[in-house]
Amino acid sequence: MSLDRAAVYDLFAEYGGLLDETRYDAWLALFAAECRYNVVSRENHERGLPAALIFCDSRAMLEDRIMALREANKYNIHTDRHLIGLPRLIPGDGEGLAVEVPFAVYQTDQEGETRLFAAGLYRDRLISAGGGLKIRDKLVLLDTFAIPTLLATPL
Amino acid sequence: MVTAAIWPMLDYSRVPYRLYHDAEIYAREQQRIFQGPTWSFLGLDAEIPLPGDFRATWVGDTPVVVNRDATGAVHAFVNRCAHRGALVRRELSGNAKEHICIYHQWCYGLDGGLSAIPFRRGIRGQGGLDAGFDMRAHGLRRLRVDAVCGAVFGTLAADAEPLEDYLGPPIMAQLRRLFDRPVRVLGYNRQRIRANWKLYAENTRDNYHASLLHEFLVTFGLDRSTQVGGVRMDGRHRHNITWAEANSDTAEFAREAYAGARVRNDYLSLKEPAMVAFHPEHGDKLNLAVTSVFPSSVFVQISNSLAIRQIRPRGVDEFEVFQTMIGYDDDSPEMTLHRLRQANLVGPAGFVSMEDGEALEIAHRASRPEPDRATIIELGGGGAISDRDYRVNDVPLRGFWSYYAELLGIEPAGAVR
Amino acid sequence: MVTAAIWPMLDYSRVPYRLYHDAEIYAREQQRIFQGPTWSFLGLDAEIPLPGDFRATWVGDTPVVVNRDATGAVHAFVNRCAHRGALVRRELSGNAKEHICIYHQWCYGLDGGLSAIPFRRGIRGQGGLDAGFDMRAHGLRRLRVDAVCGAVFGTLAADAEPLEDYLGPPIMAQLRRLFDRPVRVLGYNRQRIRANWKLYAENTRDNYHASLLHEFLVTFGLDRSTQVGGVRMDGRHRHNITWAEANSDTAEFAREAYAGARVRNDYLSLKEPAMVAFHPEHGDKLNLAVTSVFPSSVFVQISNSLAIRQIRPRGVDEFEVFQTMIGYDDDSPEMTLHRLRQANLVGPAGFVSMEDGEALEIAHRASRPEPDRATIIELGGGGAISDRDYRVNDVPLRGFWSYYAELLGIEPAGAVR
Amino acid sequence: MVTAAIWPMLDYSRVPYRLYHDAEIYAREQQRIFQGPTWSFLGLDAEIPLPGDFRATWVGDTPVVVNRDATGAVHAFVNRCAHRGALVRRELSGNAKEHICIYHQWCYGLDGGLSAIPFRRGIRGQGGLDAGFDMRAHGLRRLRVDAVCGAVFGTLAADAEPLEDYLGPPIMAQLRRLFDRPVRVLGYNRQRIRANWKLYAENTRDNYHASLLHEFLVTFGLDRSTQVGGVRMDGRHRHNITWAEANSDTAEFAREAYAGARVRNDYLSLKEPAMVAFHPEHGDKLNLAVTSVFPSSVFVQISNSLAIRQIRPRGVDEFEVFQTMIGYDDDSPEMTLHRLRQANLVGPAGFVSMEDGEALEIAHRASRPEPDRATIIELGGGGAISDRDYRVNDVPLRGFWSYYAELLGIEPAGAVR
Amino acid sequence: MSLDRAAVYDLFAEYGGLLDETRYDAWLALFAAECRYNVVSRENHERGLPAALIFCDSRAMLEDRIMALREANKYNIHTDRHLIGLPRLIPGDGEGLAVEVPFAVYQTDQEGETRLFAAGLYRDRLISAGGGLKIRDKLVLLDTFAIPTLLATPL
Amino acid sequence: MSLDRAAVYDLFAEYGGLLDETRYDAWLALFAAECRYNVVSRENHERGLPAALIFCDSRAMLEDRIMALREANKYNIHTDRHLIGLPRLIPGDGEGLAVEVPFAVYQTDQEGETRLFAAGLYRDRLISAGGGLKIRDKLVLLDTFAIPTLLATPL
């Protein structure tokens, strides 16, 4: 396995781990200075409809999401657990590295009851920056687009 | 069996929690309200532009298909096969010349009529249906359909009043305002909330909660109860428009008012303020217009984010909010991008809407054990139900319940409406 | 409370959807049908060949154990401890000398009798049960058991008619045909369908749906309504055999008939055609024989794929199809391999059966909101219920409902049976 | 509707399974038992030592908050907002000066009183509540609270007898023994069991099952029915203490007795025997003391493992066992480590408790299909309910049911109690 | 990690990704020219009973499955999402490479509601052919043998 | 990927595989001669409360667990299926290698119905011993601390 490959595996391990620890600043640091983060339902994606559940076409908007999460929004108290599958490296041109990875997110309420919150696919483009891999562009393609309760903490 | 005796007050200012948790009441609502003389939003002309285009939707918890026939006419019918009850059209959307049930391939036209039955006469003259079988008597159950500026409504009740009468002048005006140009669908979103559907019907009529629950509104200066605004209802008070005008208050005044109300009032600003910018587009100052049509349709303008919501009950303890995000055909690319960014405000992940999912679930859960206790609906006072030109009120909730009681046949004698 | 008034027609050609969705009716079915004077398939002699061999099964939603005692006799009893109701035998299958409940280790013999109670007399003469406690009065609830050629049936009702009378000559003949040699179990499969169990009881009696829903049958030339075939019932019409003869039509004629019926009729061929080959093995031409025994046992021959199905209700909204795949002891290795390949036709992933899971779930879902509407059962005409020697009919469904109504105590006056 | 006629025997030695499975009965239990004149354990003083400390808990399925106010007084109230029913305090534990509901930010003091309402007088004198609105009349529903040596109890019934009278001398003595010095919370654990809550209330009163179901006890020599022990109840027999004395039998005698009872009796030893060591700490020989307080509180000493259990019903088919593990403030580090190791005995993964989860689930499942059949409660004989100084008995279960019947209003005439 | 190891990880990432995209021809291309594909319930497997849920003891039968899925069978409209765990390489003789991998498959209906459809274990024998790893023999050992609704799309 | 990394991945693949096969002696062999194994609910962990669900601060206690499971305890008959995510190597001092790995465990009953039994995080310290990696210290941080039915077979 080339260094690249190891770095990709580590990036996704880190990605899920940081979210589940709610270390959002460290999580933001996994993204490139210029980046996009969109959560899109399959319902829209398959019909070519542009609306997203979360639409951040700039790092500023992604940071606003985190600020709002901390400063303004209220949501069901829970913990997240990301289970991220084997990364699939997509050959092809284009800047950086295209990777697709299936995921499942479980949410657990304060009384210790866990439910499947979301299943879907990450469609990422990764670039190397500052000697490491960063997320240039992340599409969270959401299978579970009938959102249970609400979507506050990032997928 | 629920009766008119359930109401503690004649002005509907108290609602016993039993009404949110009783499965028998839920079943009655389906029969008398959703399948009763009410009109439900079914979809947009823009979603089925071509002959054969269809979409599946719901009226209460009854599955319905709406489609356009070869002549361009729109039809809607219950998506249940007349033969043995299977869902006839399984896809959510598409284009077809007819609808064929998979179970025995009975075939229906785009008007819902039964058009073909395999082996109707059997084989070699053996089997099949009796010659007397009347295919015309066994089509799909049709809905009466009507539209307002491309917004298609339907009703299952033959005796429902005409749509325009049902909506009444203020609602008609709002719909004409929202649909003043051809619309374009930007996408859909869905939220499954483990609570009774009526908690959401109340929520969309609840002016009082907005800036208190959805702190983002105040924190980022989007919307405040100190703005000029209010509620306007139809003659029967079953529908409601919650409205507010942009920049109709000052930050200072708002700060004082919220401070007086002991509510957080420090303001923050976004790194991407463009996201919350408001570009007037209907020739008025309204930056908030939430139009609730009894029982379960909501037309929403929040700044430049435009949407239609259907409340889809899924049993007494759960409902789905199905939201259709729209823009206009003549939107510039920049305006479309603005709407896509501003879509962050609404929906299950919306900065100013996500909280409803939590608030309604905790209200549903906490109220279940005490069915005989009741809510308090008295903001803006009790007594007669009427429009208000101020925002701190929840009067339209009482309007909702007054018509609910009438349809369910539990209106108390001497009810104040 | 459901009554005889529920039936729109006296010949059971209309079934109101309420009967598939009402939890109270479900509870009554368990008492009057499954625990009533009916016989249920429990398992095969071949599954418990040795003394002490046992298997757990279900009669309706009641857990039952069937086992063989030291003398070789087969016993069956409800798997509920007489003491405080725990499941006595937790394993699905095995071999044991006795059955010991884990909760307080009460011990039962292979005949279901209570054989030992720990500390029955207490310790040091203190505690335990009174001397008067009669152990013989507190065994496990026994079923009456009887068998047809190694197919074991049981009933919970003391007053049930003898098994052979219950089944009647045509069913007995079919079972003797299927079990004409010692059988061997090839395996089991299970399918959980979110629908009412009666939708499946109808499905197995529904000759009409086969080649229309299960397109594989026609597309790959396995089975067609144009074949010689029909339905045969017992005297009470509660049971049914759906049968068809191999190669009894021509592809040309079938193509015409299906074209006339506007059903897809282009034929494809498999890369491994051996999979669908039919090797006659019962000295007749039947390549399809589906024998439905009221209420929930089905014996199936599709080509050389042989199976027994139990319909296991799991509440009003779900059931399991438990299927036992069998061959014969004297099958050659090639024949066994052929059966294993042909097993691809049936079960939850079966080429000619998977569709039932979808069809029944969409029928259950779509019919729930309108409990007062009804199905249409008129293929082969209405009126008197009788055998048919053609395939385009659903007459046996009315037979099922006529006996269902009788047992539930809702048979209408003047019922046509 | 359940009535006194449901009881097959007047001494409660038979319990029909319907009582464990009927949703209507469950609803009635919530009203008449949990919200009736009973006391429930709410928590420990030690869990809310400081002013403002709060914890969320349950009384039956009603959410409750218990907290300490600025004066040090403890208050408890239903966690349901007086306005529109939302859960007021969403966190399970913490420290706060007030409780603010997120929906409209109504604010409650630590005594449950309504202390502030945003925009109560509206804005610019428009909207808000009528001047006549009495905030004192709309606080959170309060519980009466009382404590025994730092164990806090609460009741929702104004007419409940005083706590000390409710518990009675034997229970009071046990609590004083367990809480003879300041306690320290070591942690919590939770177990969700898919069975009716009453099966667990019986289980904790069931002396007979312990060494038979929980084989670890005998296999590793922890606890045996041959030990000196018994049951002691309050005057009404609604509560019970199951007790046993350490080293009060011999291995030989036990071996014989269990052999006689045909129960496995070969003994094994642990690689870490310290884990099961018993260090007397209450000046008596008791190494087992399980104190069940009607309806749903249990205080448990098993060797040096100390815990309090709440039975939390979650509908007719599920409950949670919430367990608080405790030690004493003055425990040495070694003793604390010993307790942490010995905690392996109890809880959802406990060597001597995990089996209850399985036993109760299989009893619930297997008994559902036959609601009219009944359990047998006759160990220690039938007839009058009284204390026993031997272990092979289940008499306290009948005590539980006698008081249950009284509260539910289904006590049969001539009941033997 | 040896090339082998990387190739194994990639093969399973590809396997799940292609199925979830319903690219069945590309999925078939992951199998060797001679191959077997059987889905077996634990209930039968543990009792030594030979019957399978899906029994393809030749590539032809596997291709027939896909043809029938496309041309004849009707099933509940849904999307699949495979979550495939860490491959466990089983030392031992025999041709090729023995690998065991746990999996979970989630199905999402048209309205965006997701349910766990299946959990189980892949027991595969992989061989190198045409310069890459191919599946010679796949046993899908199914824990979830009470099949929810029906089993149409491959596991 | 360094050998280390491969060894870590293999260790977790082995860990889950052996548990699901109920090969508990082989599973015990993955632990070091001196080891700890604790299952702790998030509820206690977040509040700094010391009580665990399973508390084995010596190998002897861990072996007692397995003995009791085989010799004394009764529990719901089921099979386990561990889905273990991508290992996250935690840089830092301390003996051996610190690794965090998310997991989900599915339980299937005798009739083939599967439910999510537990989600959580493994917090392990691994050391090399006898030429291989061994588990010196394992913390099973349990999200799903409202235990469904009971907890008998190891997580």
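The letters A, B, C, D, E and F name the chains in turn, as written, and every chain counts its residues from 1.
We take it that contacts are C-beta pairs under 8 Å (C-beta built on N, C-alpha and C of every residue); 3 or more make two chains touch, one makes a residue touch a chain.
None of these values were measured; they are calculated from a predicted model.
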Neighbour overlap between chain A and chain F returns D, E
Interface copy of C-E among A-B, B-E or A-D, with over half of contact pairs matching by residue number, is A-B
Whole-Å distance, C-alpha centre of chain B to that of chain D, is 45
Separation of the C-alpha centres, chain A versus chain C, in whole Å, is 48
Multi-chain contacts in chain D, i.e. residues touching at least two other chains, fall at 90, 92, 102, 190, 192, 213, 320, 355, 358
Where chain A touches two or more other chains at once, the residues are 1, 5-6, 41, 43, 74, 83, 104, 111-113, 116, 145-147
Here the pairs of chains that touch are A-B, A-D, A-E, A-F, B-C, B-D, B-E, C-D, C-E, C-F, D-F, E-F
Per the touch rule above, chain D residues touching chain F in the complex are 92-93, 185-194, 213, 215-216, 219-220, 268, 270-272, 275, 320, 325, 336-337, 340-341, 343-344, 347-349, 351, 354-358, 361
Interface with chain A, chain D side, in the complex: residues 90-92, 102, 190, 192, 320
Interface with chain B, chain D side, in the complex: residues 30, 35, 60-63, 78-87, 90, 102-105, 107, 116, 118-119, 122-124, 126-130, 133, 138, 141
Chain F residues touching chain E in their complex are 1, 5-6, 9-10, 12-14, 16-17, 20, 79, 81-84, 104, 106, 108, 111-116
Chain F partner, complex, touching residues on chain E are 1-2, 5, 41-43, 83, 85-89, 100, 102-104, 116, 118-121, 142-147
